[in-house]
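In what comes next, chain A is part of two complexes: it sits with chain B in the first one and with chain C in the second one.
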Partner chain A sequence: MMDESSTKDTSPKGLSTKLLAGSVLGLGGGLVGLFQGLQSGDKAPFLGWLWGCSFWLSIAIGMLMLIMIFRIFNSKWSPVVRRQQEHALSAFPWLGLCLLPLLLVAWFGKDQAGILWSWINPASPTIEVSSIISVEEDVLHQKKAGYLNLNFFTLRLIAYFGIFCGISYWLRKASFSQDKDGDPKWTHLGTKVSAIGIPAAALALTFGAFDMFMSLEYQWFSTMYGVWFFASGMRAALAITILICVYLVANGKLKGLFKQAHQYDLACLSLTFTIFWAYVSFSQYFLIYSANIPEETFWFTIREIDPNTGLRSGWFWVSMGLIFGHFFFPFLYLLFYRTKVDVPKLVFIVCWILAFHLLDLYWNIIPGREIVPGAFVGYEARPVIGSHLLWGVFSLVGVGCLCAWAVIRSFQSGIAEIIPIRDPRIRESINHHE
Partner chain B sequence: MSDIMDIKYAAAATFSSAKELYDAAGKVKEKGYSNWECFSPIPVHGLDAQMGYARSKVPRFTLAGGITGFFTGMLIVWFMNAYDYPLIVGGKPYFSPIYPFPVFYELTILFAAFGTLFGMFFLNRLPRHNHPVFEHPDFGLTGDDKFMIVIEVEDPMYDDEETASFLKEVGGQSVQIIREPID
Partner chain C sequence: MSEVKEVEEHEILKKVDPAPWKDVPLVLNNRDYKWVTDKVCGIVESKTPTWWWWCFITALCIASFTGMGLVYLVSTGVGVWGNNNPVNWGWAIVNFVFWIGIGHAGTLISAVLCLLKQKWRTSINRASEAMTVFAVLCAGIFPLFHVGRVWFAWWLFPIPNANAIWPQFRSPLEWDVFAVSTYATVSILFWYMGMIPDMAVLRDRATETWRKYFYGFFAMGWRNANNHWRNFEMAYLLLAGLSTPLVLSVHTIVSFDFAVANLPGWHTTIFPPYFVAGAIFSGFGMVLTLLLPVRAVFGLRDLITQKHIDNMCMITLATGSIVGYAYAMEFFIAWYGANSYEGFAFINRAFGNYWWSYWIMVSCNVICPQLFWFKKIRQNTPLVWIISIFVNVGMWFERFVIANTTLSRDFLPSSWGYYSPTVVDIFTFFGTFGFFSVLFLLFLRFLPLMPMCEVKSVMPQADPHADH
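Right after this comes the complex of A and B.
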C-alpha cells in the first residue's frame, strides 16, 4: 500500500510537468507561427490557432451545458458523472487566455489587425460579386458595422468568458461545498445557477460562434450556426466524459460507482446528439440550398468546388467524410445496444466522434476566400492541406495540454471527493439501473 | 365446479417480498422451466436477467420500420417528381437526395414508430381481452403487496405434483392450480 501511494504521488506530478511542457511547446510553436504570420501577412497560423482553441473550447462548453441540464432536470442518475465534468470546467480561464493573442493582434496589429477577422481592418480587401473592394466600401459590412466593430467585439468576448467562468465558478462551488457540509441549500443553489446559466451560456456560445467562427466570412450568415456549435460541443463533451469515466473505472477510482447503466445513458445521449448534429448541419445546408442566394451559397460552394475552375476540390471529400463519417457511421453504430454497453466498442466510437469533430471544426474554420486579384472570381479557396494544418497542430497540442493540466490539477487538488458523496441524489445515482 | 368445463392453465405460487420472488425466480430458471412468468406490484430491478430473459426484440422492428420508411419516402418522391410527372421546381433536379430529405426523414421516423408500436404488440401478443391468470383468486393482490410465479402447463417440464412441490420448495406460500373455465 505504501509503495502504491508513493508512486501515485510522484507520477501525477510527472504528468503535470509533461503536460505543462507540452503546452509551452505547442503554444510557443503556435506563437512563433503567429509572429511569422504577422511579418509576412500570412493568415494560416491564425486560422490554425483558432482551430486548435475551438476544439477544446467546444468541449468545455459542452461540459458546462451538460452539467446545467443535469442540474435543471434534477436527474437522479447523473451526480456520479457530473462530478467528473465539474473538474473539466476549470479549463475555461485558460481557454480565454489562449484566445487572447488573437484579440491582441486585432487591437495592436496596425495594418495587420484584420489578418484573421478581415472586418476588423476597414482597409482589408474583400469581394463584392467578383470585384475586389475594401471592407469599408462593402455595403454588407456597413450594415453590420454596428455589431461587427472591434470595441463591441472585445466587450462581447470578455462577456462570453465572464459568463462561462462565472457559471463554472458557482457550479463548482455549489457542488464541492456540499461535499463538506452536506447542506441541501447547495443543491438549490446549483439548480438556480443552472436556471439562469442555461439561457446565459446558450446566448454566449451562440454569439461566440457567430463572432469567432462565422465572422471569418463576415458576409455570410446562418442562424443555425450557434446551434451547430452547441450540438458539436455536446457530442465532443459526451465523448470526453465517457473517456474520463471509463478511465477512472479502469484505474479503480470509479469502479462499482460508474455502472453500465451510466455508460449506457451517456452513450444514448451521444446517439441523440449525433442525430441532432446531423439535423442542424443538414438544415443549415438545406435552407441555403433551397433559397439559393449568392451571398449565402458561396460558403458551401468553396467547400465543394474550386470556384475558379468549377471542379471538385479536396473540400468535397472532407464534406463527404463528414456526412458519412461524422453522421451515418456513428449513427448506425450507436443504434445497437451492445456497442453502447461494451467498453472497448464505445471507446472506439467516441474516439472516432472526437476525430471527426476535429475535422468538422476544420471544415468550418479553415476554408475561406483568399483574395487573388488575377483569379477568375477574384479569389481562391484555401486548400485542405496547408501550413494552417501544421500551425493548427501546434495550438491543438498546446491548448489541449494546458486544459488537461488544469483539469488534472483540479482532480488532484483534493477540492472534491471522487463522487458528490453528500448530494441528495447520490444514493440513487450509485444504484442506477437500466 | 364439476359441471363447468375448464382447461388447466398453470401452477401458481405467491410470495410476500420482492427478494423471495427474486431468489425463487433464479431457482425456477436453474431448474430449466421455460414457459413461466413473474408478477409483481413493483418493478424488481434485475428480475429479467434473473429469469434469463434476453433483450427485447422490438428494436429490430423499429430498424426495419425505419429503413422501410426511408426508402418509401425515396420511392414516393422519385415516382411523383421524376417518373410520373417530372416537373422542375425552384431549379432543383427532378430527383436528388437533398431537397426532399425532410420527406425521407419524416417517413423514417413515422415507420420506425409504427414498427416499434406494432412490433411490441406482436411480440406481446396484444391486444387480448382476457388472460387465464386472472382466474387466480388472489391475482388482484399482485397489484398490491403479493408477488407471484406462474408456471404454465405448456412447459415441457410441467407435472402437476412435481411442479407444485417444487414451487413450495423455493418458498411459494399458497400453491394452487389455475383453471380457465370455458362456457
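Right after this comes the complex of A and C.
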C-alpha cells in the first residue's frame, strides 16, 4: 500500500487548477489564431503554434531518451532523478493532442495559400531558382511527393506519437509496478524496453524533425537534422530535470535524497550536450557553407541576410545570439565546478539554456521564404518579430500549462512514490556522492 | 553531516527496500591484490613462451610485406599503386581511415569511460591504448607515402622553406596532419603516463639488472608517495579531459576529408558524428579481436570477465546501430534531396560496379552486430571473436565504399573508371597487420598489460563499504 502522505504532492493548493486555466487561456488564444489563419491565409498563427508545441515536445523526447539511456547503462546514481522524469512522460498524450489542430488545419485548410507546410497544397507558390512556380510544378516536390503527402504524413505523425506514448507507458509501468512488489523482473523489463525503445524513438524523433520542421522548407535537406533535434531535446530535458529536482528539494519532497552529487552529474551531462549541440550545429553549418551549393545554402542565407538587399537582417543577430548565448556562454559557465554545485548558479544557467533553446527552435521554425511577386528575388524572408511571435507565446503558455498540469497530476495521483523505493539501485542512488 | 541527518530523517527512507540484484564483481573468484600483481607482472617476468616467438616471427614476416611494398614504391614511384584517374585516392585513404578508426577505441576506453566513471574499463584500457598508438602508426604510413616523394613529407608542416611553399591550409588533408599528430602525441603521453606506477612495480620486482634499469628509467623515480599519486591522478584526469575532444576531432576531420569535397556521396552533413561512431565501432571490434585471444592465452578470465565482454559487445551493437542509422539517413536524404547525382551515387553504391563491397559493408557493420542482442551469443567467446573479425572487415569496406564508389563514378560518364589494387597495394596493406602485431606482441612481452593499481581500485577489497 502506498503511503498517502508521501505520495501526495505538496505543491501550492490550486496549482493544478491554475495550470489548467492557463492552458485553456493559452490554447484558446492559439486556436483563435488558427481560425483566423484558416480564414485569412496567414501562416503566422500556424508557425507560432508549431513553435510552442515543439518546445515542450523536444523536452518530453529528451526526457524519454534520458530515461532509456539511464536504464541501458544500468546507471547506479540515477534512480532518484529518473523517477521525476518518468512523471514527466505523462505529457506525451497531451502533446499529441496539442499537435492535432495543426493536422486538422492541414486536412481542412489544405487549399489555403498560407498552409503551414506548403507542400500540402499543390497550388502554393514556391521558388525555383528565381522564378515563382506552384508546388505541383516544382520538380523537387514531384520527386519527393511519395513521402511528402498528407495521407502518409498523417500516418507518420500517428506512428511517432504511438512510439513515444507506447515506450513511455511501458517505462512507467516497469518503474511504478516495482514500487509495489519489488520484483526485479521490472528492472529487466525496463532495460529491455529501453534497448528496443532507443532505436525506435531515435527514428521517430528523426523523421518527426524532418516532417515537422525540415519540411517547412521542403526543398531543403540535411542528414544531420535529426541529430540536431536530439541534441537540442537532451539539453532542454536536462535543464527541466534539474529545475524539477531543485523544486522538489525546496518543497521538501526530495530533501536529502537529491544530493549535490546528482546535481553535479546532471550539470556535467548538460555541459556534454552543450558541446554536442555545438558540434552538430557547427558541422551542419560548416559543411553547407563550405560546399556553397545554392539548393542548401538558401536555408542559412535567409537566417543571415535580407535576400533582396543583401544586408544583414534581424536573423543575423539571432544567429549570433545562438552561437554566443547557446554555446559559448553556457559552455564556459558550466566548465567550473562551483557553477555546477551551487543551486542558484545552476538554476540560472539551466533557465538560460531553456531560453536559448526556445530561440534555437524559433530560428529553425520561423524563418522562411514568403513569396512576393514584386520582390527582387521573388520572395521576402519572414522577419524576426511578427505576429507569429504573439501566436507562439499563446501556444507556448497553453501547451506548457497543459504539460505541467499532466505532470503534476501524475505526481499527485499516488501512482508511485517520490523515489523508486524498490529499485535495485536505489540505495546507491540515495547514497550517491562525488 | 547535516545532509546525513536529513537522509536519516526522511520518511521515505523507511520504505526503501531494494529489489534483490546481484552485481557481478569486476575481478572474479575473490582474488586478492597479490594475485593481480603476480598475474600481470608474471606475463612480463616469465620466460618468453614458444608461441610468442612463433607469432613474433610470423608477424615480422608479414610486416616485411609492407617494408618491401614501400621500398618498391619509393624506388619506383606512386604509379606502382593502383590509383588512377578518377580514383586518385585508391587504397591509401581507405587504409589510413581504417587504421585511424581502430585507433579510437583506446582513447575512448581510457578517457571517455574514465570521465563517465565506468569502472569496468580498468582491465582493458591499457591494451586498448597500446592498440591505439600502434594503429595510429600504421595509419600514418599511407598518407606519408601517398605524397609520392616521401622525403618531402615534412612540407606538410608549415615550416618556412627556401621555395616559399606553404601547405594548403584550407584543405582538411592538412588539418589531418595537425589532428593526427596531436592525437598521436597525446595518446602516447596518456598511455605512457598510465604505465608509470606499473613500471615501478616491475622495477621493484626485477631480479635482472637490465630490467631494473629499463623499468627504472621509465618509472621516472616513482615511489608511490602521496604527492606522486595526487599529481598522477590530476594529470590523468586532465589528459582524459584533453583526449576526449581530441578523439572526436580526429575522426571529425577525417570525415571532412570527404565531406568538404563537393562530390555526391561525400558531401553530407551527418558525416562527422557518423565517422566518430564508426571509429568507436571499429575500435571495439579490434579490441575484442585482440583481447579475447590474450585472455585465453594468459589465463585472464578473472580479470577480463564475461561482464567486460558483454559490455564491449553491447557498445559494438550500439555503435554498429548508429552506423546503420547513418547509412539509412544518407540513403533517405539522397532520395529526399532529389538531386539526381546524389541519388545516383547511392543507387550505384548498392547496385553499381562495387555492389558487392556495399553489401559486405552492410552485412558486417549493421547485420552482424545485431547478433549481440542475444546473451547466448555474447557468452560464446569464439563466436564473439568471429563477429569482431567481421566488424573489422566491414569497417574496412565502409571506407572502400565511400572512397571508391564515388570517385569511380563521378559526374561525367566519359571519365568513369574502375579501381583495382595492384599487388603492391595488397602487400603494403597486408603487411601493416604484421607491423601492428609485432608492436602488440612486444607490448605484451615487455610492458604491463593492465593497470594494476586501477584494477585493484575496483576490487571489493578497495571499497571500505563493500560489505555494508
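In the analysis below, the second predicted complex is superposed on the first by the 418 of 434 C-alpha atoms of A that agree within 3 Å, B and C clash if a C-alpha of one lies under 4 Å from a C-alpha of the other, contacts with A are read in each partner's own complex, and residues count from 1 in each chain.
The rule is simple: a contact is a pair of C-beta atoms (placed from the backbone, for glycine too) under 8 Å apart; a residue touches a chain by one contact, two chains touch by 3 or more.
Just so it is clear, the structure is predicted and the values come from calculations on it, not from any experiment.
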Are chain B and chain C a fit on chain A, or do they clash, once the structures share the same frame? clash
I'd like to know which partner A:Gln178 touches here: chain B for first, chain C for second, both or neither. second
Determine, under the contact definition given at the top, whether A:Ile426 touches first (chain B), second (chain C), both, or neither. second
Taking the superposition on A as described, I'd like to know which of chain B and chain C A:Thr223 touches: first, second, both or neither. second
Is A:Lys110 in contact with chain B, with chain C, with both, or with neither (first, second, both, neither)? neither
Which superposed partner A:Tyr337 touches (first chain B, second chain C, both, neither): first
Dominant toucher of chain A (residue count), chain B or chain C: C
Of the partners chain B and chain C, which touch A:Ser290 in the superposed model: first, second, both, neither? both
Going through chain A, the residues touched by chain B and also by chain C turn out to be 290
Parts of chain B lying in touch with chain A, wherever the complex brings them together: 45-46, 55, 59, 63, 90-92, 98-99, 101-102
Given the complex with chain A, which residues does chain C contribute to the contact? 3, 6-7, 9-13, 15-21, 245, 248, 252, 256, 259-260, 262, 267-273, 314, 321, 325-326, 329-330, 333, 335-339, 373
Residue ranges of chain A in contact with chain B within the complex: 282, 285-286, 289-290, 292, 335, 337, 433
Along chain A, where are the residues that touch chain C in the complex? 3, 5-6, 72, 139-140, 143-144, 147, 178, 182-184, 186-187, 195, 199, 202-203, 206, 210, 221-227, 255-257, 259, 275, 279-280, 283-284, 287-288, 290-291, 293, 295, 417-419, 421-427, 430
